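Each of the two complexes below includes chain A, the first together with chain B, the second together with chain C.
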Partner chain A sequence: MELDLATIADLFGRSFSLWWAIIPGIALGLAVGVLPGFSPQNTLIILLPVTLAMDVEAALAFMISLYCANHLSGGIPAILVNIPGSAGAAATCIDGYQMTKKGQAQQALMLSFIASVAGGLITSVAVLGVLPFLAELGLILRSVEMVVIILFGLTLIAVLAAKDMLKGLIGGAFGLMLGAIGTDQVYSTPRATFGFLELYDGLPLVPVLIGLFAISECLVMLEEKFGGGSKPATQQRPQWADTLDGIRLSLRYWWQIVWTAFLGLAIGVIPGAGAYIASFVAYQQSRLFSKTPEKYGTGFAPGVIAPESANNGVTSGTLVPTMAIGIPGGSTAAVMMIVLQYQGITLGPRLFQDSPNIAYGVFVMMTVAYIFMIPLILPMARYASKVVTVPVHVIVPLILGLTVIGAFADREYMFDMALALGFGVIGYIAVKTNYHVTSILIGVLLGPIFERYLLRSLRIGQGDIMVLFSSPIANALWVLLVISVVLPIWRERRLARRAAA
Partner chain B sequence: MGFTNRMIGRRAFGAGAAVAALGAALPRGASAQSGFPTRNFRVVIPTGQGGGADRLARAFDDAWSKLLGGRQFEYEFFPGAAGQVGYELYVNRRDPDAYNLLFGNMGPEMIMYALQRPRFRFPEDISYFCRTDIDDSAIFVKNDSPFRRVEDIVAEAKRRPLNVAVSRIPHPASIGMLALGEAQGARFNLIPYGGGSPTLVAVMNSEADIGALPVSGLTLQRGRLKVLGVFARENVLADLTENAPTINQVFGTRIPDLYSSRAWAIHTRAIERFSDRFQILEDTAKKVFDDPLFKESMEKVGQPAQTLRFGDRATCTEYALAMIELANRYRQQLSAQR
Partner chain C sequence: MQRQGSDPPPIGQELIIPALAVGFTAYYFWTVQELAWEAKANGIVIGAILLLLVALLLFRVGWRVANRQATLRFTLGGDPETDRVRLMLMALMVAFLVVLPLLGTSITLGLMLFIGMWLLGGRHWPSLIGVSVITPLLVWATLIVILGTRFPLGPFEHAMAALFGIGPVD
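== the complex of A and B ==
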């Protein structure tokens, strides 16, 4: 089927008529995204009896809205209380929470919302135009290229460690060590599990995330309230002027939104590459190309925009291999595939001839879902930012209760609740001793997938390490990686020399 | 929780969730009146959501649920350690009351059992009682690969080790490649991709020279991938695989049939303690194969009808034990323990 303007207009019309499925999808996605431990794939699995009973287009509209809204709302708790709703929002904490501490919660939320919505909108529209090319991109990037892409994310450890290199690297190495827990990537032999069945699949991300960020933050809040620690910044009443200021900042950094969204799209197209890779790589790249890299980590607007925009660029990317080659790009896409297959829809290249309303319609629905989010979400920043004015004796039990349940909900192991508490203590100690918890988290998140792709590459090379330099694309990425590591050091030294002169 | 055919629209959408929940709670049908089952079943799947086992279990339970008084199946997913997590959790932490079941892939998971020696005994602790399919392992290449026949692959693998994308190292398809290499003096370098989908991608993007996977998933990628041979006595999907020959036919080897086989399993203690319940499960599961809805559901999820073959408890046990024996024979190549 030719994708002409009339067809696109027809698809948009049909998608808008599904508002009754899109709005509940958005509402549920937002709720699920805010709570760490509740993932979109688990929610969709629970709702399968409903989605299977719906008309296929309505079911898709519902699932896609839920999925996109989930990616958007993970940043809300990351900004307000330093607790990422999902792993994809972990990088948002770095600058988002700093903005909140400076009394700019509303601006940070607006940056996150606008970057997410715009990133999602831009990429879903772009996918419509270049779908066949993108499907091929997923096949061009192989294990060797993935090794380098993940290394971009891992170099963020060094960036975060800039203030205290030794502590930063210790934190990163500790995270990588923790990430090595679980069965090995080749023979599935358990290692460092201490006999705990719950660790065979590696350290579960949700309890680690909850512990390092949520519980440790609660302990810090309690200490500040009752222990005589430093007082948190006083919060002013939310005002519409702050919302407008957030919009102004977003417009100022519009180019950041665009290019990091496309970065997310490119990473999302690779089957198995998660949103957290995209958000960390986007943050690292954004800092690299910034004229003021020293502002990152201090509550700087592009530090919120980059991970959020990339995170939402991933949503369209993930669905490209699902639709174009019939291979799910992630676990949420795999659940969507169940629904589509049951409705007799064969995914893959033939889909564009057999069911163009589905093949292209998915991306139109995504665009429409993001359009619906504009009036639904943007005004929310003013009200959501009130969370920071809630007294500590109310917010702490609430966060602890919800997140510990979240730790349990993901896999339904009591062990995970204890693990979250354990990581809460680790996170608290890290905060008090000036270790960066994000460095630990990057190691835990990226370590296992780095190992997976590295070992795979080495097996492909049959033991020859030169396999890592065997592809032109990988070699180009290696050069960029070296530049991205060397450039900030060179820039810093030049600045230091100038200052000395 | 299975597949249903009703279509709901805008007005019914809100009511949909409530109906689904209410439906699950109400006892219905003859089986409910006879005392079993009086509640829903909980099923452990030792692989991830949206994977092959998930899809097949749901396609099966649609028809099975009708025979069990409308009782639903609630799934829990415990992937990890090649299935070890799901199995250990099922055996050690789920009540042996015949309401807790497991749906797994006997081939790879019994190989895992042989290699990892997990904390349960087969068949003392767990018994398979209903095989749903036989999915032969196959060798495949990208459609424009220079290898046009399986003989080309072996000839090249005699000159240099060929990279073979596989789902896991402990897998029947991996054993097939090792057995073929051993029989023909060819060298195959197995690369585990941790699932069917990434394995397919690895061959499509030429990262691996060839791939080895269960054949049914390959039939969905006709046009992009080409099946060159199957590890079976006969190729039951000949019409969907351009008459790909069997490996034994081509090379005159005597490699045993190597296939993945999804099956329902139950605690062996539940069979002993609740023999009446088990009898109902066994009888009704067998009857599912007579239901046209079952075949229809399976084909919808991409499982060709030719692969659907019932196997009873004795057949399943025989197959599982044979897999354990085979895994022990290739232990050195399949595990990190040298």
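== the complex of A and C ==
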């Protein structure tokens, strides 16, 4: 099937006619994404009986809408209460919550919504044009290149640690050590599991995320009520003017949205590379190329735009290897594969000949889902921002109760709830003693996959570390990595010298 | 900047995270000592870097203490009242986990919300009752009944299943 304008128009028409599946998908995705612990793949697994009973196109439209909306709404609690709804929104907390503290919650939400929708729209449209090339990217990038890409994400630890490098690096290294808990990749022997079977698969990310961000934040919030701490500045009444201001800011930084969305798309194409890698890398690169890097971390609009746009760029990228080579780009894509295979559709290169309406239709449906999201979410910023006006004595128990329940939902272990509380205490101490919790989280998130790809590379190279420098693409990435580490240090020293002069 | 004549600030609290990190690293090293190199290479390299970083921090802390720029006393900066509430809230959460398998998700969550709000000074009865009744009902309806998540069940969930046939039986 040739992908001409008539075909695209036909696919768009069919996708729009599936509004009845798309809108509930968006609604459910938004609701689930706000709650840490409720991942889109788990929701889709629970809803498998429903999707399997649906017509294949309707089922796909529903699943894709839920997936995209879920990626979008993870940023809402990250901005409002410093609690990322998913790991992919963790980087959004850094500047998003600072904007809320400055009384700009509505603007931050608008930045997040517009960056997410625009990032998803741009990449899903772009994928239609370059699908065959992107599918090859998933094959070209191997373990060696992945090691360097993950190191890009890890360099954010150093960026976050700029105020106190030593503490930041200790936090990051602690996170990386915690990420090494669980059975090893080669022999499956347990390491540092404290005898808990629940830790054999590694430290579960959801309880760690909930503990480090949600529970620790609740403990800090108490100071607003009892200790005379700084309360987030809030407007008397949410105003449409703030929504418009958010739109204006988004338009001002349109280029940020575009290039970080493509960065997310490229990372999403790599099987196994999650949204959190994309969002951390995007934040770090956005800061690197900014003329005002010192503003990052203080409530700066591009600090919200970059991770959110990349996070949604990933949604298109993840489906590329799924459709083109039959390898799921992520766990949600794997669930979608199950549904498609149940319906008798075989994914892979032949899909474009056998079922082009599915192969290309997936990305058209994604575009349509993002279009449907615009009228649904834009008014939401005005009302969602009211969350910051809820009294501390109500919001703290609510967050504690719902997030600890969320810790259970992912794996259904009581152990995970206790783990979340334990990490809540660690997170609180880290916050109060200026060890950046995001540094710890980056270590926990990226540590296991770094180890996996590093070991895979070393085994390919028969233990020779030089294998990491054995491919032209990896070498080019190494050069870029060194530049991205050295450049900010050099720039900050130059600025310091100028200031001294 | 430290004021003339005032006590040097306490920095003992800055050693809590490094102490946890070093303790965990030592435990990790102990558990991997007999494993093949592939199983421990990554952790040992990171652990060694971590130990080096902590050594540098200890040197920095020691230098500040020796120069009377800081003391090794501990504080997390909270006033006694806030710390007391914080501890009570954490105790409440521990109790929540203990009671959860006995009373089920809905009742335990309702009790936890009510006591939590009370501990934090909430005295507006309609809000206390409204939040602690409506939230567990929403959790039960959406997460347990609709999404089918296997949360611990208790008298409420069993009663709803027995009386109206709504939700999981066990």
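Going forward, the second predicted complex is superposed on the first by the 491 of 501 C-alpha atoms of A that agree within 3 Å, B and C clash if a C-alpha of one lies under 4 Å from a C-alpha of the other, contacts with A are read in each partner's own complex, and residues count from 1 in each chain.
The definition used in the following text is that a residue touches a chain if its C-beta (ideal position, glycine included) is under 8 Å from a C-beta of that chain, and two chains touch if they have at least 3 such contacts.
Owing to the predicted nature of the structure, the values given are computational and were not obtained by experimental measurement.
Colleague: Considering only the touch criterion stated at the top, classify A:Gly129 as touching first (chain B), second (chain C), both, or neither.
Modeller: A:Gly129 sits against neither chain B nor chain C.
Colleague: After superposition on the shared chain, which partner residues are touched by A:Glu412: those of chain B (first), chain C (second), both, or neither?
Modeller: A:Glu412 sits against chain B and chain C alike.
Colleague: A:Gln41 in the overlay: touching chain B, chain C, both, or neither? Say first, second, both or neither.
Modeller: After superposition on chain A, A:Gln41 lies in contact with chain B alone.
Colleague: Name the contact category of A:Ser331: first (chain B only), second (chain C only), both, or neither.
Modeller: first
Colleague: Would you check which partner chain A:Arg459 touches, where first means chain B only, second means chain C only, and both and neither mean what they say?
Modeller: both
Colleague: Just chain B (first), just chain C (second), both, or neither: which does A:Val186 touch?
Modeller: Once the two structures are laid over each other on A, A:Val186 reaches both partners.
Colleague: Would you check which partner chain A:Gly13 touches, where first means chain B only, second means chain C only, and both and neither mean what they say?
Modeller: Once the two structures are laid over each other on A, A:Gly13 reaches no partner at all.
Colleague: Pick one for A:Pro379: touches chain B only (first), chain C only (second), both, or neither.
Modeller: neither
Colleague: Could you tell me which stretches of chain A are touched by chain B in one complex and by chain C in the other?
Modeller: In chain A, positions 184-187, 189-190, 412, 459 sit in both the chain B and chain C interfaces.
Colleague: Flag every residue of chain B that touches chain A in the complex, lowest number first.
Modeller: Those in contact with chain A are residues 1, 3-4, 6-10, 13, 16-17, 20, 48-51, 54-55, 58, 75-82, 84-85, 88-89, 112, 115-116, 119, 161, 163, 168-170, 189, 191-194, 197-198, 200-202, 204-205, 207-208, 220-221, 223-224, 297, 300-302, 334-337.
Colleague: Which positions of chain C touch chain A when the two form their complex?
Modeller: So the residues of chain C touching chain A come out as 13-14, 16-18, 20-21, 24-25, 27-28, 31-32, 35-36, 38-43, 46-47, 49-50, 53-54, 56-57, 60, 76-79, 81-82, 85-86, 89-90, 93-94, 96-97, 100-101, 105, 109, 112-113, 116-117, 120-122, 127, 131, 135, 139, 142-143, 147-152.
Colleague: Quick one: in the complex, what on chain A touches chain B?
Modeller: 20-21, 24, 41-42, 45, 47-50, 52-55, 58, 138-140, 142-143, 182-190, 197, 200-202, 271-272, 321, 325-328, 331, 333-335, 337-338, 341-344, 346, 348-349, 411-412, 452, 456, 459-460, 462
Colleague: Considering only the defined contacts, which chain A positions touch chain C in the complex?
Modeller: 31, 43, 46, 166-167, 169-171, 173-174, 176-178, 180-181, 184-187, 189-194, 215, 218-219, 222-223, 225-227, 391-394, 396-398, 400-402, 404-405, 408-409, 412, 414, 417-418, 421, 424-426, 428-430, 432-435, 447, 450-451, 454-455, 458-459
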